Every structure is written in C-alpha cells, then in structure tokens.
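Alright, structures below, take your time with them.
One chain, chain A, links the two complexes that follow: it is found with chain B in the first and with chain C in the second.
== the complex of A and B ==
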C-alpha cells in the first residue's frame, strides 16, 4: 500500500529546503521599531544565521500571522487539541469574556466594514453551545432584571457606567438609569457599587425570572415515549434495553412532584396505556382507526410519575414480552405522532420516538428512495431533501404547543431520515441513529444505545424555551443553523433545550463600525427548568473591531470557520446540490488564502503561504470533503449521509470537530510524562498524530477518536508487552479469538499499562456527554475500512491526498 | 367546569401556585383570562373584599382571600357559586397547612407550583358530578352566598379601578340607603306629628268655641 509519503517535490521547490521556515517579512513588521529580538517560538529560528535572524522582524508579529508554507511544513498539528484563539482585547475585558466553549466567533477580530469582510473572504458568524453543562454558574434572584430600555439587552460586563446612576448599553449605546435596587451588592453586602454586582462581573450568568417572563404558569416536566412494536422492532430487541434503562433511571428523570409520563406503542394500530392511579395493572387501549386519531381516555394516559410509579414500573417490565410474538410488519408512525401530539399539546413536553423501519401506513407514509447502486456514485446525490412536508408541518404544530420530538432511529434498512429528521429539526429535538442495531449481532451499538439513553434520560432539560441573540448596532444576524424554529426575525423557539445542542448563526455588517473599539454579542436563553423555575441564561461575548486585513487574518478561528462552513455546506447540498456544496467549500479555502496572498503578503514567494492561524484550514476543508456527509465516490448509505449532515448542524463545535477531523494517538508507549492529574488519577497525554497511514507502524497500537466512535488499531507486530499487559492476550493471533468481530471494552487488568490506557480512554470519554464506543481493529477486521477512511491525508481512489489538495489550491490561487 | 386556578400573595400579587386546565376549544381565550387573572392579583390590597365574584363574559372569576393569600378560580358561569367557594375554601385550608409559614418569605414566582398536584385532585372531585352531589349537601350551611359581592371584571381591570373600589362603592351605597331610610322615617314622623298637631288644634278650637259661645 502506498504509505502516504508526499510525491516527490516538484523540482522548483526541492532546493528551497535550507531554512525550514524562513519567516517572510510582513508589511506590518517593516515599520516595527524593535528588531533584533529573538522570536519567542516557532520551529526553525534557532537554525537561522544571525544575519537572517536580524532580518526577521518577527517579534512584532503575532504568532497567528507567522507565515507558513504548507507545501514545505508537514507537522502542522499541535501536540494537544487545537485551542481556541484569544481575542485581542485588553486584559481586563478578556478576563471577563465568555468562555470559547460556550460562545465563539469565526473571526475574533471583527472587520470594520462589510467591504473589508468581503475582501477577507471568510465567513463571519457565531457558534454557540448555550445550555452546556457548567460546573460553575452564578445565579441571580432579583425582582427587577436590569435591561436596556430600548434594545432589551441584559446588563453585562461590557457596559460602561457613566456615573453611579447611569449606564450605557454596549449594543445600542442608549444611556439607562441604574435602578435603586441595583445599587446594593448582595455578594459583598455593600451599597453604591453597581459595577461590582455579579451581573457586571460575569459574562455567563443565570437569572431567576419574575412573573413578567411567563405567559402561563411554568409547565411540569412531561415525558411521553412513543415506541415502535412492529415485528421488525421486536426482532432488534431494543425494547428490552429501553425498558431496562428507563427502569434504572426512573428516579433520576429530571423533574419534581409534578412530573408526568406516558407511553404509546404502535404498529399498524396505536396502543395507549391507561395508568390511572387505583388500577391494579396497566390497561392497554387499542385504537385501530388511524385515519382520524382520537384519545380514548384523555385524562389518564399521561400520569403523575410519583403517584403512579408502580404502574409505570409494571408496564415497563411487561412491555417487552407483550409483543414478543407479533407478526405485524406495518408501521403507522404518522398517526402515532399525531396521537402523541394531541396528548402533549395541553401542557407541552418531550416526546421520545423510537422507530425501526420506514413508516408505510396511514399519514406520513414514506417510500424507499435510495438506489443502492448509486451509493458510491460520484455524480450528484439525490433525495437529500424531505419527501413530504407532513413531518415538518407536524413539527411546527408541536413547536407552537411547546412539544419537542426526539427521534431514535434503530434500523438496518433505509428509513428516509431526510424526511423523518424534520420532526426533530423544527421542534428543537435531537436525532439518534443506530444503523444495523441488533441485540445479538451488534453489541457495540447496544452499548452505545444504553449509554446514550442513560445520558438522554438523566441530562438537564429546559422546557418552553426561547433564545434571542442580540449584537451591537451595525451588525445583523441573517441565517441560523441548528434545530429550532425561527419565530420572528431573531427569536428562536425551542420547545425543549438540552445541554448537548449547538447552534450557529451567520452575520453581516450592515453599517460601518467606524468609531467602535469593541462590539458585543449577547445570547439570552429563557427556559423553564424541570423544577418549574423560569430562568434566563445570558452569555455575552466581546470582540475587538479592526480595520486592516492582516488583523482580521490574525484573529481567524480556523475551527469555528470550519464548523460554520460545514453548516452552510449542509444547507447548500439540500437546496442546490452536493457537488455545489463541495465546490463552495473548496472555493472558501481558495478565496480566503488568495485574499491573504494578494492583500496581506507583500513579498511573493513560491509555495502555498498561509498565516499560522489558518495553517489547518486546507486540512480541515479536505477533511470535510472526505466526511461522510459530503464525500462522493465512496459507498455511503443515504441515511448515514443525512445523519452526518444533521450532526454537523446541531452538534456543538468541539464534538463536530472530532467528527470532521478525528484525533489519532499512539497508545502502546504511554508514559506519565506530561500527564494530567485529575481527581488523583494520572492521565497520560500522548501527542496528536497526523491522519496518515505513514504515521501508523506495525509495531504500535493507535487510538483514533472520532467523537461518537473510537478505534483501537493494533499493528501486526505490536509489542507483546502491550498485548499481554493491556489487552490480556498472549499474541496477535489471539486478539482475533478474544475480541470477535468488534469489541468495545478493554479488560480491566492490574498493570500500569492497562491502567494508563484505560485512564486515557476514560478521560476522553468523560469529556463528552455521549458515549463513544470503542472498536478494536486488526488488519483483517471489517471495520478496518472505516478506520482507514478517516486517514484524511492519504489518497483514496476517489479523493485527493492532502498534498495533492494543496497543489490544487496553490494552482487555483496563483492562477 | 373549573378552567383555571391561581394562588397569589395579596401583599404584592406574586403568583405562588397555579393550575391550568386546557382543552382544545377554549385554548385561545384562556390566554386572555390568564393575563386578566394576573392583573387582578396585582390589584389586590388589604381592603379587597374577602369573597367576591367577577363576571367576565360567560365565565366567572371567584376570589377568596384568606391569611394574606388570594385564591382565584375561573369557572363557567353555569358552575354553582356555592361549589366554587367551597372549592376555594378547600384549597386555602390545604395550602395554608402546607406552606403557611413560608408564604411571606418567598420571592420567586410560582414557588409552590408543586401544589398543582393537589389542586388537580381537588378539582376533579368538584367537577365530577357524582361526587358533587354529596359535597354540595355537606357544604350547604357553610355558604352564605348572598353576601358575596358581584362585579364585572372589565370594570375592575379596564377602568383601572382597584378591587376595593367596588366594595367601597357598595358600602357607600348601603350607607346612603340607610341614610335615606332614616331620613324617610324622620320625615314620616314629622308629617305624623304635623297631622296630630293640626287635629289637636282643631279640637281645641272646637272645645273653646263650644265652651265660650254655646255656654
């Protein structure tokens, strides 16, 4: 196999090898007044002759603008995961600024005018993770929440106090009065220091809302489960796992004494369960009229969990056996959803739908649209758009009644996720997909389903939520990405909000930001907690305004840009075509690098020159092109592709980045050197490796972390030490015997190596709320293909290698 | 049918608990009634009448104030007033038992939203017609509904009048009536006196005439 070495360098570049990273001179540096300083870091300068070092006025350039020639520099990945860039603000402001994990901008320096932004050719937008689980969150209770009188901005750390009694809004610049109550600081118990209040000291804060923020009394937590019990569903055996999981977690469902639950099952008919207090056992009610669905006993289908817990538990215990012998193969999902909507609409709440096949009966029935022969086609992919608007319409109805629909799809066959997904997308739900789920044949999926369910059932939840994003006058938000419904121009309606949902928005500059030093963005999320409290979580981000292209490039956040481009590309592939979206992504890289070359670089050198902060940009774009969502030429099932697209749109950036560009570590030689120490556990920190087969070796073992899935690749000649101490097998051949097909658990051995490996994998898993399954891969494993497909830098039959891609970019740029 | 129940603190109108019964037909109107109920709670003060009924179209708001807490329910006009107040009494007893001590200290709206569970249970027993018959016989003597003030919700809310204004007006009216009654009585007595006096004068004159002329 071709081992991913670069093809021999074109003759023109071969002789430029001497100084590895010759720092070209930057226009801004020529005016700099402090030459002769040794540059702080960066590879290469140590080898430079003194005269060269003297010429390099690098010290005045920020590290982000150090010029990198991608055709020459290979080891671009930082040793640890790429950190978010820090906005160029004064320290006082930066100290107060919102965490990049919650609120991130593609450009950490905002251009002054739209024309400047157009010149830079980079997308301007925000990426949010507003309901992230936070370890520390200040909560304020006060009868008046201080807001700007004209634009309704919440008071935040970036407002200015004109004097003790007046403050100036940082979004619309209106001067407001400080209310009397605000003069008192409850934290320090002192009077007359409004600028020391917690609202002004924290960029992320939560308010307990007074009753003006409620249209109706806070709703109780209501959970309705809609379960597919057709023959196909029973075959997969998911009901057992679901019922067991719910039984285990029934006491940790978020809620209070008002929490309500209900169950609906369906095949070709709809089954309701009467769980009314006082019954000796659950009563099943079958409605076979699926054309005009009605609720048999509206009062007793949704019951108070605390009062009817025993009946609920009885039902969960008997449910898997109830349909064991069913021969019903049809699925009337549409009617079941309508019934569930009717049941939930008086209160609102969460509907969890479990579906295992294509709905083929009654309203919302779908046809198979996938042609398996076209899966690997390099031509355009059809059927990315929904086949019917039934699911979208129903989702909008749900949204207006504060009902969110979460879809769990467990299926081996095509289910038309493109149509079904709409039910969650517009009602602010989430979609989980377990392809080829089977309780015996696919234990890895079963474990993932179990862990996901546990997280799903116990995670925090916000009901009847709305989110509004405001930004400084002059900027405007025009496109939103994520799962929600846009109710008015800037108000997102979120019937449920969960801590694993991410959002992205695109922005444009409407008016010049001439005399502004900084601009601010504020996201406010109003929700009802599961305890019936109305709360407002406010995040405020402050960014500097710049007027030169070089500063814009210096502030580019390559991960955020990639995340936003991915969202835009998903939209483009649905509205236009996949090839259009692919071209758009490549062009995005070409355009911005070309703009950099033409407008920022003064000294033209051969090669593909990029600023250091964008050095990973071409790699990420290539990774996107090879991602399941956008790849062509490689066999991809339509549902897999659509699911990848949905994930790119609603996952928070950190998880989406792992999906796009997985992390590769060598794990057979873990040491405690540079290890982290968390809760008295030592967690080794191996180096990030490039995704190229060249980096693999037969003697090692490698861990690939692709977000929702992890692969442990064992080399054929792997050290016997690793095999015995970590895997507990005597030799390589035994790996096959001990870990049949796929496996997902490392044996718990009492050796230092085993502990290190498990600590590292455990640490990676702890960083995300969902559970990534672990597959052990050998040369002959079936999953080797999916592991190798993530080797983004290598060439495949249908896609360019990284180096070829760079040459392609260079060619386009210098054209 | 009891459509909406709300418990609020009289001192500042802070809602403490609520229960909403939504069904498909009345859903839109209910929004409006909810905001009316909220406004109403804000207008309460110490002078507000302890019991009163406010008419709002084909619905009635029934209000009961006890121990500084206002219990309000929205019922269809056909729902017997006696029942509505028995229901509110029931709520007030249970609510005060459960949360009485904490009522003055809370600041968060709907702090006792969990009371909803109890409200729904009680509501069921009052709405269910079979249970209603037994209840009503028990509660007959409890209620002296004639004394309950009746007003119109529009007047209270839209003219911006405090709820107490109705009661002031009503008591003014009864004062006036009393005064009128006294005045009338006084006038009556006076006219009776005058009649008597006239008759007396006539007789005296007659006696004198008879005595001096005839004798």
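== the complex of A and C ==
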C-alpha cells in the first residue's frame, strides 16, 4: 500500500541478518549472537540462535551484563547505530512482537513489584510512534471487531485461546467468547482456526471501523493557512516559497473530493479571501475590528478545493505581490487565530500558522521577555513557562472542536516560543522553527523550509483522532509526554495525528505482577483518514516479567531511558527550574549505577563499573546536559532553547537520539568495504566516531549528522583528492569561495568518491521524514562553533569533559 | 440568639463551616469522577470517542475553580471575625489554613481567570492524587472546626448564662 513518501527501510534491507559490525571492536565481545546488536526490525525472522532461545526467560544474556569499566575502556560506541534491545521472550512470541521502531519500553524486562523498580532506580515508560509511515501494514475490514468485554482491548497476538470458542484477554484476564464470524479465516479460507486470523498474527494492524466508532460522520480534510503579512514577513520572503510550494503540491494534498482549503492573512487587521466558485478573481475582505473578531461572510471562505482550484491558484500567484509594499509592523496573531478557529470549528481540520515576529497587537499580545545578558547564565534560566494562558486556552478550545494548529516560526528576534508553542502542544499540532529565516541571507534555511513544507503538505494525516494506551492489570500510566490533550485518565485527544509525532508515557506498578510471565501493552489510535474512512490502528507489545535486579539491568534500553529522561527533564525545567532538571538527570545516572554496583555486582573492583547494556548511559546523560535545551554557561537564545525542549518531547526516539548524540563519520576515505546494497546503489558504511576533537584530524573531512542539520567539516590539510573529486574545488582556500552562501549543495560530480559521498548522505537523509540541511564548514567558519558544541566528550569552559564527568559519577557513587 | 459578639461569631462560623463542608465534599466528588472515568466498563460506542459527558467533566474542573475562591474568601472572613472578637485561640488554629490558602493561590499556574486548576495538567496522576488528598484533609479539618465552633458556641452561651445565673443568685 502507498503509505506516505518517506517509507521506512524497505523490507529487503531489514532482513539482512549480519549486523554492520563485521569486525568486532570490543576486546571482550563474545562470539555468540548478542540480542542487542541485531538490526531493529519489525516482525521479521527472530535472530536468536537456538542456544539462546532455549534459555529460560529468567536468565540473563551474558553480553548485556558484561561488566565494563568506563574509566578504562574508551571505545564504547558500536561502529553502527545502536539497535534496540530485544526482549527476552520465547522465539514464537518475539517473532510476533511489535517493532521497536513503533513501540519501545525503557525496560524490556518489567520488574515484578514497584519496590523492585524503585531499587533499580530507572524510569519505567513506553515510547511510541503510533502513526509512523509503515511499508507493510495489514488492514482488516471486518464486520465485527473482536474486543474484550470488560477492558475493551482489541484481540492481539498475545491472547490465549482456551479452546476454539473462547479466548482470554491478556490485559485483564477475562474469558471472552469468539464470535461466529471470527471463526472463519478469509485469508486461508479455513474454518475453526481463529488463531490464524490476521488480527492474531500481527502486532501492528489497522481496522476499518464501523459506524459505532463515529461520533459524527467522518469529516473531510480541511486545511486553513494563516499567514503573517507584516513588513517583517514580506522582508523574509517566506511568502514566495510558501505559495510556490503550495502551488506545486496542490494536487497531492491528502484528501478526497470533499477537501476544503481557506486562507487568512493578517498584520494589524485580518484579511479573509472569498473564493466562491463563479467569481472571476479572489476577493479580499478586511476585518479591522480585532477586539471582537467576526467572519465577514458565512461561507465561501473555506471552499472545496476541486471546485475552486483555479481561484485558489490565482490567489497563491498573486498573494506575494499583494503585500509587497506593506509598511505594517504590527501583528495581531491572537485575533487571527480566533478568526481561524471560528472558521474551522464547524468541521474541524488543520490550521497552519506562519509567524515571523512577536505578536504585539490585540489579544494574546506578548512582551519581549528575554534578557540577552542572561543567555549565558550559569544559573537558572527564566521564562521557560508561558507568559499568558491565552494560547493554551485557545488550543483547548481548538482541541474540543477537532482543530489542530501547526506553527511555523520564521523569526530573527525573540518570539516567546514558550507561550506561542502552547497553541500546538495542546492541540496535537507541530512546531517548526527557522531562526533568522531570510531568502537572501540564509539560503540553507530556505531550502530546509521548502523541503519541510513539501513533506508537511503531502504527508499522511489523520483527523479527529483519539488514542488510548492500555496495559495489563497491575500496571498503570501516570504521565504523558507529547503534543496532545489528556481528556481522561488514559485517553489522548489528538485533533490531528501525523506520522512524525512521537509520544512517551511513564508507568508505575500498582499491584505486584506475581504469577505473570509476560505483560502486554496496547496502543489503539482511532482516526479518520484523509479519505473520510474511520480507522483504528492497533499496536501491541509484549514484554517478560522478571523479579531479579540483574535481569532488569540486562533488559535496560539505554536510548529509551535517555529519551524518557529528556521528556521528564523538560517538564521539570518548566515546573521547577533548569538547575533542578540538570541535577535530576545526573542523579538518575548516579542512582542507577549505584544500584547496579550495590545490588548486582558480585565482585567489587575499583573504577566506574557499568553493565554493557548501560555503558553509553553516562555519555548520553552528558550529551543531554550539553544539549541546547539544558545547557548553562553557553550563550543560548531562549527561543532556541525552548524549541529544543519542544522537540525533545515531540520527536520519535530515533530522531531525538540524533539530536542528543549526533553521529560523526569520517567521509574522506569512504570505501565500498562493508557497504550496503540498496536498489543497486552501493552505500558505504563508515564507522561511527566518538564526539571528541581527538577523533578529528586536519587531514580529513568529517560529517556530523545531528538530526535536523548536518555539518561537513573540512580539515585544513585535507586531501586534495577529496576536495577535487567530491567538492569540485581545487584547494582548501577555494572552499569558502565556492561555498559562502551556497553551502548546502554537494556538487554532482561524476567521480566515484562523489557518488559514494552523495549516496551516503542521501541514504542518511532518506531515513528521516524531515530534511536536514547540510553545511560545509572550514576551520574558520562561523558555524564551526555549532559544530564544536556538539563535541560532547570535550571539556568547555562551562562544562566537564566526558572523563571528568565519569570521575564525578564515580566519586558520587562511592560516597 | 447572640448576646455577645463572640457568641455571634461562633454561630456564624458554625453556619458557614457547614457551607465549607459542602464545598469540600463537592471538591472530592469532582476529582473522584475525573479519576475513576477509566475504571468504569465502557460502552461500545463510547469506547474511544470523547463523549459529551467527558467534556463536561473538564468543565466541572472549571466549576471547581468557581468554588475555590468563595471557599478561600469565606475562610478569610472567619479569621477577620475572630480577630475582631479577640478569640485568639480560634484564630491561631485557623491561621495555618489561611497561610496554606495564600500559598496555594500564589503558586497556581499562569491563568487569565482566577483559578487553581489547569485542565492540561490536571490529569497528571500525581497532581490528581494531590488534589484528592487535599480534598480529604480539608473535609476533615472543616468537620473538626464545625464541632469546635459548636462546642465554643455552647461554652460561651453557657458561660453567659451561668454568669447571669450567678449574678441573679448573688443579688438574691
């Protein structure tokens, strides 16, 4: 099925059995297959060797618990990206289990009691990416959707069939009857084998929902664009890019024949556009009463796209010229949002807001709260919480009418993103930030904006959605992280659901999980597709229960723990203070390692001893402490910081980890050794390097992949081979000459090195739905500071180096 | 009937505490309903859709906001009254609660309307648990104060009448 334009890794690639690490690097790596180095894959063939599969659930794998002395072993990074750990389940259960790309737990072995969890001192939570673009998604159209009678769980691969006619729910243990229709399996045309049906064979499945699941007839796709047209906005030139992008993609907007679009522009007044079919050209209606906004005409402000396409295209062509000479400097964003909400509230839909300055007129006007002298403050950072609750209240109103607000902030000055961001956070929208956007001075941002817009306009979308996460009796969810509104204790209201949103939840163990071998979690997302179909996407994850601390440590997923800690730290920064959050993160590392040392380690040795599965934990904590969101002592703009915090809560784990711990590769000596072969393109696989200037070399060129941005750093004495073959410049001095402003395009030369480099960078870019901009920097470039700030293992004037951090941890642990 | 100002204070306090007890019970019920929503067996149509009742529950939080301020104002009124009546012991017993109210109001989330509860964070389990505990503690305190004022009222009344009786007897 066609499911979006950025599919995940194609199935042929996912099933490669040999991990990338062909030569083992660790001196003590065991020869047996280690579960945690397997490639992250969906329901593919299990990689457990027979000997490991024969191991009982309670025994831990030797590799995950291998003791590592961090003070002595330096080369900890695996050569390829760290894969997700595999839960310690029997082979047939693990084969059916949900993909870790969709559903991931911080502890893949769940503790049996809350006191055991408290002893382990690690957070228990789930990270999900429920609406991810999937290349294989079974869709079931069935007249009956089989659900448990008491807890309403959907039938899933981990239920148990007592006999042919009865099944036992794996979340509440109630015995239910199998309906008659379910006994027949349409796929294999057989009767009497309910356990062979696709609902019971796939952990990720989509149902077409019957009318009982609809509160109202499924809504059409409705898109409203709210554009800032003040002088500042026209100066940045974003309108041209936006209009061109929408014109190019107008036929690929997800929807059907009922799709509606509308436009509102605003500066100190609000402008509506009458696009009624039959008019010769779009008619602009200006409302200047911004205190008490009203809609000038009852309809034809939101029009059917197919019927009025020419008018819409005319409007888009003329819009940039309409405001070319404007001198308005005020921005009445609050009133524009209220007007847009009035327009969208009958149907619901998506509102895309483009803002380039601080709103300073009318309701929701904001003050400039940032003090530039406090940017590099070594103590607390103020003004991380919203200044007014206008945007939050409006977001809640929008959420109740199934309207989601996406915010595009393209400003150079302070815009109080902490307050503005609320409009998206509680209405399940997303925030995009392009600091210092300008069409001439900042072409890299322009390219990023263009590519992001294309993805934004054409990606899959779900409307009027709700999501419910259920867990086995005994576990309960107490905190949610992400962009949504919690409408009830575990019911999330998502007016829009998009494939780039990630969510995290924290759990606690209310009752002891005695007599349970496994527990299950189910996330069910009920949404209206852009074609007006009501669908339910269900993901089910099954994890074993253990009752010994060493098993819990063996099953720890260090990346998921880091992601969840980042979400918790963002919350703590806003409610308490930033220094509180930083201390809490350091204490998380100290507590868990201390607990390991005291309870699991049998032989006490000097040094900082950690289990192999947590060996990257102090590195990730240090990376978080030096991340833009949490760092102190380095000058960070408040909007940049708040945006980093929003992204840490919103991004799915894979991209958040790139943000936290960028990947560094040496690219001037790419070879085909160990390369991947995808679609007949050879993609080289260079080794991951540690983030330290020690690994940089003047003779090389290095690529740093930080999620949304990539840096290609060229050493001073870089091989002229690389310069000529890949960059197309004769020498090092010419790098700036050729790439002063056009530093985001690698020239397409016909050399083997150029092809390899472009293949590698293209492959990295294809793995994510957003577009990372590429910056080519020399040693003296201004961007070198951003590049060097990502070298987290090094000491700076305000932060510890990695080794010093390890010493600090060791000191605290042995107290 | 009020013969002295102190007796009058106690009687008024008695009546108003009955109102405060009512507020505290409403508070408890509101949060209990917010919390136990998911433990009820859910009908087929309402399974994953937000129903009209659930929207009302969130609105109920806003009603609680309207209840919170009158409660604080009534309690403040008591304290002022007892101060005027020079009932120092009673005033000292009520001062901690007054300080708590002031602290709670000062550290509320940023809001444009007077209120304590933010619908976006109220469903966090720890905040919900805190509000429920607060409700129960307040109910216990108001119940105890009710009986204390009742006793106080009778005591003063009895004092007056015995003073009257003794003065009556002594003039015999």
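Heads up, the rule we're going with is that the second predicted complex is superposed on the first by the 752 of 815 C-alpha atoms of A that agree within 3 Å, B and C clash if a C-alpha of one lies under 4 Å from a C-alpha of the other, contacts with A are read in each partner's own complex, and residues count from 1 in each chain.
Here, contacts are C-beta pairs under 8 Å (C-beta built on N, C-alpha and C of every residue); 3 or more make two chains touch, one makes a residue touch a chain.
For clarity, every value in this text was computed on a predicted model and none was experimentally measured.
With the two structures aligned on chain A, chain B fits next to chain C without clashing.
In the overlay built on the shared chain, the residue A:646 is in contact with neither chain B nor chain C.
By the document's definition of touching, of the two partners only chain C reaches A:478; chain B does not.
With both structures placed on the common chain, the touch criterion links A:466 to chain C but leaves chain B unconnected. With both structures placed on the common chain, the touch criterion links A:381 to neither chain B nor chain C. When the shared chain is aligned, no partner comes close enough to touch A:813: not chain B, not chain C. In the superposition on chain A, A:215 contacts both chain B and chain C.
In the superposed pair of complexes, A:358 makes contact with neither chain B nor chain C.
In the superposition on chain A, no contact is made by A:333 with either chain B or chain C. Chain A has more of its residues touched by C than by the other of chain B and chain C.
Once the two complexes are overlaid on the shared chain, A:141 sits against chain B while remaining clear of chain C. Note on the superposed arrangement: chain B and chain C approach each other to a least C-alpha distance of 9 Å.
Once both structures are placed on chain A, chain A residues 214-215 are touched by chain B and, in the other complex, by chain C.
Those residues of chain C whose C-beta lies close enough to touch chain A in the complex are 34-35, 37-38, 41-42, 44-45, 47-51, 54-55, 57-58, 109-112, 118-120, 123-126. Residues of chain A touching chain B in their complex: 141, 143, 208-211, 214-218, 220, 256-258, 304, 307, 345-347, 532-534. Against chain C, in their complex, chain A makes its touches with residues 147, 150, 152, 212-215, 385-390, 392-393, 396, 400, 426, 466, 468, 476-479, 485-491, 493, 508, 524, 526, 536. Put simply, chain B touches chain A in their complex at residues 6, 14-15, 17-20, 22-24, 31, 34, 38, 107-110, 113-114, 116-117.
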